[in-house]
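Presented sequentially are two complexes of subunit A, the first with subunit B as partner and the second with subunit C.
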Partner chain A sequence: MYGYAGKILHLDMSSRKSAVILTEHYRSWGGGHGMGSALFWDFCKDKTITDGRSPANVVCIMTSPLCGTIVPSAGGRCEVVGVGVGLHPVSWFTRSNFGGRFSTTLKYAGWDGIVVTGKADHPLWIDIRNDEVSFRDARSLWGKDTWTTQQEIWREVGAEQGTKKAWREIRKHFDEGQTADKPAVLAIGPAGESLSCHGCLIHDAGNGAGQGGFGAVWGAKNLKAISVTGTGLFSVADPAALLQARFATKEKYATHTENPDLRAWSFLAKPFRPVLFSAPPTKNRRPQACQGCITGCRARYGVGYGNESSCQETSWYLSHVRRVFKTPAEITEVNLKAADIVQKYGFNSYPVMAGLHWLEHLHEEGILGDGRAIPSSLPWEELGTLDFAEKFIHALATRTDIGADLADGWLQAALKWGREEDLRTGAMHFPYWGSPEHGYDPRAELEWGYGTIVGDRDLNSHCFNQIFWDVNIHFAFGMPMRLDAREMVETVAAKLSPYIKDRPEALDFGNANMYSEAVAQLVRWQLHYCRFWKQSALFCDLRWPNLYNSNTPDFSGATASADAGEQVFWNAVTGDRLSFEQGIELGRRIWNLDNAIWVLQGRHRDMVRFAPYIYENRFTKGEILPFYFWPCRDKDGTWRYADVMGRAIDFDKFEEWKTIFYRLEGWDTKTGWPLRNTLEKMELDHVADALEAVGKLGGKPHE
Partner chain B sequence: MDEARESPTGEITRRRFLMGAGGFALVAAVGGAFILPGKMLVMADAEGFLLVDLKKCQGCGSCKMACALAHWGVASYTLSRVQIQQDSFQNWPNDVFMAVCRQCKDAPCVQVCPVSANRPDPKNGNVRIIDTHRCIGCRQCIEACPYTPKRLQWDPMSRKAQKCDLCRDTPYLGEKGGPGGTQACVKVCPVGAFKFSREMPDQKVEDSYQVNLRGPAWAKLGMSVE
Partner chain C sequence: MSQTHLKPSASWEESRMNNILAPPSPNLARKLLATVPYRERLTACRLMEPVGVLQDSIRSLREAYLYLLPDARTLPAVHLPSLAEWVGEVLGDVELEEELQRIFCEAKSYVEACIHSCEQIEARILQARAVVGGVI
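Up next is the complex of A and B:
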């Protein structure tokens, strides 16, 4: 099997035994999420669990055939699946994803993925050196932060700190493997150890599997870290084709090193600049990238802080810092040091971004604080300082102060504190599944919100969100648009095979089109595309799909192209003859398996609803910008970028939209449960049988 | 290193044979190298060198993966002839080190090879290569490399050494390699942290292969060109 290591590692924490699963049994799922879902289906004996901290939970850390290769911005991603922690009303079977060099090293060690079952009786870390797997005592590591943990494991494995180091034998003899690299370690910190829903998995300084609460899942299993050293190799079907496609991507689609377009449109085309929400702290820096990435999105600096942090973790505290500090240098320093704090605690800062505004509101209203209805002795008057950030994250990571209530989920805490009204007024910006708004409000950016509520967690897929950034940043700074609205939607729609190819109306997020079949097809395209190409083949969310690209003469992106499309890379590595559309069809199969798991967990269409404020309040204040331009059609059919703020989602119309969506998916429109016919067409007969056995197959009489 | 000793297999090595047969003067031409009395091997200078910018590398490892792919058709770190070492917890510029073969003048790895498998290739700019058919896997060349980490690699499957040949022997590259052609690492690097040069860097200076490849475009992106 070209592109695969050939084996999946099963770690049973209860018995401290490892076993080999042959990858070929799961080959039809591609890799990553698809394989992970299929493994979860087979290994999780109780799929009704709704809290990932259950010992019955199974967590899979999966690579893809593309990991460990030069497929641009795909070689270093890694997918994590399992039942999550902290969502509401149910913590669904969910996913997260991180980059770096863990998946690459795992492949070179001879493993396509890791399945973790059971629960150890005391903390352990796993030492993988090629085929050799050891369960090692982690009691001395418990309580240590993620950075310290990794460096102590490096030492334990025999890797010196720093660079310019000698080759290292991974066992006793050079014929058993030598490496010039550090072990790749994935670890939890105090947040995961305390089983807080904020617990995430951290690798190196700043690669994190944030969403899903997988740090708490590991903590519940007493799994502190997995260290991998890999010195092997795997075969690639057509190495020359792979190299040439990579060269073509660099020359045609990615940024030009010597002549970068600073105003480039599309994420793949953008120049080497870290994705930061404050200014970089110094020009003494390098771009820093995951393995195989063609354009790094992070940086390492000469100042001693902020290394490898980007995007979310550099924005969770920023608005508060800006109110305390005035100079750009001070703001950057405190903001990036706050990012370091969450990295070290193994803390998913994503809920805090919206959540901290809510807590501040409660404090200002006299509800939260010392001696108040919601007691908290945190120094709220110092919000915005580094000291507050440290104390606040410490509390939430260690279940102290308000962290005791927030550890099980933000909505859970709101309900405990009697703050249901905040979900009605919108004071609490948690629109779906107890998960915070991402900056892309569902009332404006439809594919993000709709895709989230029919799924399992905040979508965090930037397929179409690139349009928001390119258009709105150019508008904000008064720069001319690179593509007008009609050019944009036609260029993008040309890529949207098989559901909406050349149907630009799918991208019309205007009021008249927001509940349409075309938008339902757009949401389906994104979900199915992502399930395979992004989450199973593991193309990076921040580089793919490349639907438009200002580096090409006609603005046509790399996606599905004959020279550098996703399928070109997949086939070069695996030897398959997979078409782009067949990849999306495989994504549909994976998506259906996930939905079947959600149904077993208790999913019903009546649960698929936004928080009340999304229906009852109009969207008037953006998290990022005071406007939200998106392609829309006028009544006469003319395309223009229009501001889609100022509206709510109509409850009844959205229910009708759900019916359209379920029908297109081949799911029962009354329940959202899949139909047997739909599953059998995808060779998921056994899944249909399992659902039927518990009375949850669509199309059957149901309560 | 004792050139006259027998190879690990106990066979009389090619070099020992040559020394024994020639003995007193120029005795043999061994692929662009000549053995002088006193057991000194004289070799023509290489005509191609890889230069690197440690402050520019983004640590993506694409060069490593492309190298193993172009030479062997496989995905591997350890079979890469260029090694990028990273420590995520160090600060720029000490967080990355790019270890490339220097194609040394009077290369120690060539000097010690007991069977002349490691030799300059006169047809390809005297780039120092290892003839895998001739290599006996004694590892003397690896040990002789004076740099850390060693710039030659051990292939545990074939039990032979390998080294950078500037992509002379790259059946999977899809285009002509070598000093007059493409080097996979140079071509794949997204940031341009490699440069192929015809000019031999100062052999007495350890960091002479480390150059500044950050031009005006780098400054335009807000990064140091110092």
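Up next is the complex of A and C:
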């Protein structure tokens, strides 16, 4: 099997035994999320669990055939699946994803993934050196932060600091392999140990599997860390084709490095700059990336802080820091040190960004604080300082102060505190599944909001969101659009095979089209594309899909192209002859398996609803954003970029949209449960049987 | 965001010369330099492509100035008509409100309107400071 290591490692925490699963049994799922869902289905004996901290939960850490190769921005990602923690009303079977060198090292060690079941009676860490797997006592590591944990494991495994030391034999015999690499370690910190929903998984300085609460899942299993050292190889089917496609990406689709078009409309590859909100702390820095990435998005700095932090970690505290500190240097330093805090605690800062504004609101209203209705001894007057950041994250990571109430989820805390009204007024910007808004309001950016509410967690897929950025930044500066609205939708729609190829109306987010069949097809395309190409093949969300690209003469992006499309890379590595559309069909199969798990967990279409403020309040200008331009058609059919703010989601019309969506998916429109016919066509007969056995198979479609 | 986009146009420099506001009364000057209660803050955010949208708020004229100050990495996302309205209704400065409305209507782009609003707010803060003292 080209591209695969050939084995999956099963770790049973309860018995401290490991076993080998042959990858070929799961080959039809591709890799990553697909394989993880299929393994979860087989290994999880109680799929009705609604909290990932249950010992019955199964968590899978999965690679793809592309991991460890030079496929651009796909070689170094890793997918985590299992039942999550902290969502509302149910913590669904969900996913997370992280980068770095863990997945590649795992492949070099001979493993395509890891399945963790059971629960140990005391903390353990796992030491993987090629085929040799041992369960190690982690009691001395428990309580330590993620960085210290990794350093102690490196020491334990015999890795020395720096790369000047001699090559290290990882087993007794020379021909078993040598390496100068430190082991790749994935660890939890205090947040995961305390079983807080904020617990996440951290690898190296700043690669984190944030959303999903998987740190708490590991904590509940008494799993502190997994360390991997690998010296093996796996084969690529057609190395020449792989190189050719990589060169085509560089020459045709990437921004020219020597003469860059800094305002190119393409996210695939631009000149390197670290993706962080505040300015980098120093010019003395070097790029840092997931293995094989075509454009890294992180950096390591001579000043010794902020290493590998980007995006989310560098934004959770920034608006508060800016209020206290004045000089750019101070702001950067405090902001990046606040990023280091969350990395070390193994803390998912995503819910805190919106959540801290809400807590500040409660404090300013006299509700939260010392001796108040919601007691808190945190120094709220010092919000914005590094000291407050440390104390706040410590409280939330260790279940002290308000951290005790927030540990099970933000919506759970709001309900406990009697703050339901904040979901009506929108003071609490948590529109779906007890999860905060990503900045792209469901009332404006439909594919993000709709895709999330029919799914399991904040979507965090930027497939079409790139339109928001390119169009709105150009609008703000008064620059001419690189593609006018009609060119944009036609160029993108040409890529949307098999559901809506050449149907540009799917991208019309105007009021008249927002509940249409075409938008339902767009949401399906995104969900199915992501389930396979992004979350199973593990193309990076920040770079793929490449639907339009101003570096090419006709603006056509690399996605699905004959020279550098996703399927070209997949086939070069695996030797398959998979078409782009077959990849999407495989994504549909994975999505259907996930939906079956959600149904077993208790999902019904009546639960698939936004928070009340999304239906009751208009998304007004100045509520977060001043404008939100998106392609829309006028009454006469003319395309233009129009502002899609100023509206709410109509409850009844959205219910009708859900019916359309379920019908297209082949699910029962009354319940949202799958139909036997739909599952059988995807060779998921056993899933249909399991649903039928508990009375949760959908009936005939409700016309 | 390249800094080269952030230079005001020559026509703005000319129009600005004609739009120096009358100095505020001591009472108004004190309000212009104060921080408003939390409830009266103005919601705003910052954009950084492709990182995302950073939710934030503005609680004083000085914060509005800092918010709109050109920054090479991020773009302020403030609904400028709401900012003008806030200046009039919450801070009580009708003259500055009208001036900000004018800037919004006349600017060639959103970014140009931000830069011009920032400059006008800076000038107003200096006026207020000259009346009652204080630092920006």
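Criterion: the second predicted complex is superposed on the first by the 693 of 703 C-alpha atoms of A that agree within 3 Å, B and C clash if a C-alpha of one lies under 4 Å from a C-alpha of the other, contacts with A are read in each partner's own complex, and residues count from 1 in each chain.
Here, a residue touches a chain if its C-beta (ideal position, glycine included) is under 8 Å from a C-beta of that chain, and two chains touch if they have at least 3 such contacts.
Bear in mind the structure is a predicted one, so any value in this text is a computation, not a measurement.
Peer 1: Putting subunit B and subunit C onto subunit A via the overlay, clash or fit?
Peer 2: Verdict on subunit A: subunit B and subunit C fit.
Peer 1: So, A:Glu623: does it touch subunit B (first), subunit C (second), both, or neither?
Peer 2: The answer is second: A:Glu623 touches subunit C but not subunit B.
Peer 1: Looking at the overlay, does A:Gly292 come into contact with subunit B only (first), subunit C only (second), both, or neither?
Peer 2: A:Gly292: touches subunit B, not subunit C.
Peer 1: Given the touch rule stated above, what does A:Val303 touch, subunit B (first), subunit C (second), both, or neither?
Peer 2: first
Peer 1: Once the shared chain is lined up, is A:Ala476 touching subunit B (first), subunit C (second), both, or neither of them?
Peer 2: Once the two structures are laid over each other on A, A:Ala476 reaches subunit C alone.
Peer 1: So in the superposed three-chain picture, is A:Ala180 touching just subunit B, just subunit C, both, or none of them (first/second/both/neither)?
Peer 2: first
Peer 1: With both complexes superposed on chain A, which partner does A:Glu365 reach: first (subunit B), second (subunit C), both or neither?
Peer 2: Second partner only.
Peer 1: By the touch definition at the top of the document, which applies to A:Leu542: first (subunit B), second (subunit C), both, or neither?
Peer 2: A:Leu542 contacts subunit C only, not subunit B.
Peer 1: In the overlay, answer first, second, both or neither for which of subunit B and subunit C A:Leu276 touches.
Peer 2: In the superposition, A:Leu276 contacts subunit C only.
Peer 1: Using the superposition on chain A described above, determine whether A:Met353 touches subunit B (first), subunit C (second), both, or neither.
Peer 2: The answer is second: A:Met353 touches subunit C but not subunit B.
Peer 1: Return the chain, subunit B or subunit C, that is in touch with more residues of subunit A.
Peer 2: More residues of subunit A are touched by B.
Peer 1: Could you grab the smallest C-alpha gap between subunit B and subunit C in the overlay, to the nearest Å?
Peer 2: 10
Peer 1: On subunit A, which stretch or stretches are contacted by subunit B in one complex as well as by subunit C in the other?
Peer 2: 262
Peer 1: Considering the complex alone, what residue numbers of subunit B touch subunit A?
Peer 2: The contact residues of subunit B facing subunit A are 55-62, 65-66, 68-70, 72-79, 83, 85-97, 99, 139, 148-150, 153-154, 156, 159, 172-174, 184, 187-188, 190-192, 215, 217, 220-224.
Peer 1: Which residues of subunit A touch subunit C in the complex?
Peer 2: Contact set of subunit A toward subunit C: 262, 267, 275-279, 310-312, 314-315, 318-319, 322-323, 353-354, 357, 360-361, 364-365, 429, 438-440, 462, 466, 469, 472-473, 475-479, 542, 621-627.
Peer 1: If we count contacts the way the header does, which residues on subunit C are in touch with subunit A in the complex?
Peer 2: Contact set of subunit C toward subunit A: 1-2, 5, 37-39, 42-57, 59, 63, 66, 72-75, 77-82, 108-112.
Peer 1: Inside the complex, what are the residues of subunit A that reach subunit B?
Peer 2: That would be residues 68-70, 75-76, 101, 104-105, 107-108, 147, 150-151, 161-167, 174-182, 204-206, 230-236, 239-244, 246-247, 250, 254, 257-260, 262, 271-273, 280, 283-296, 299-304, 307-308 of subunit A.
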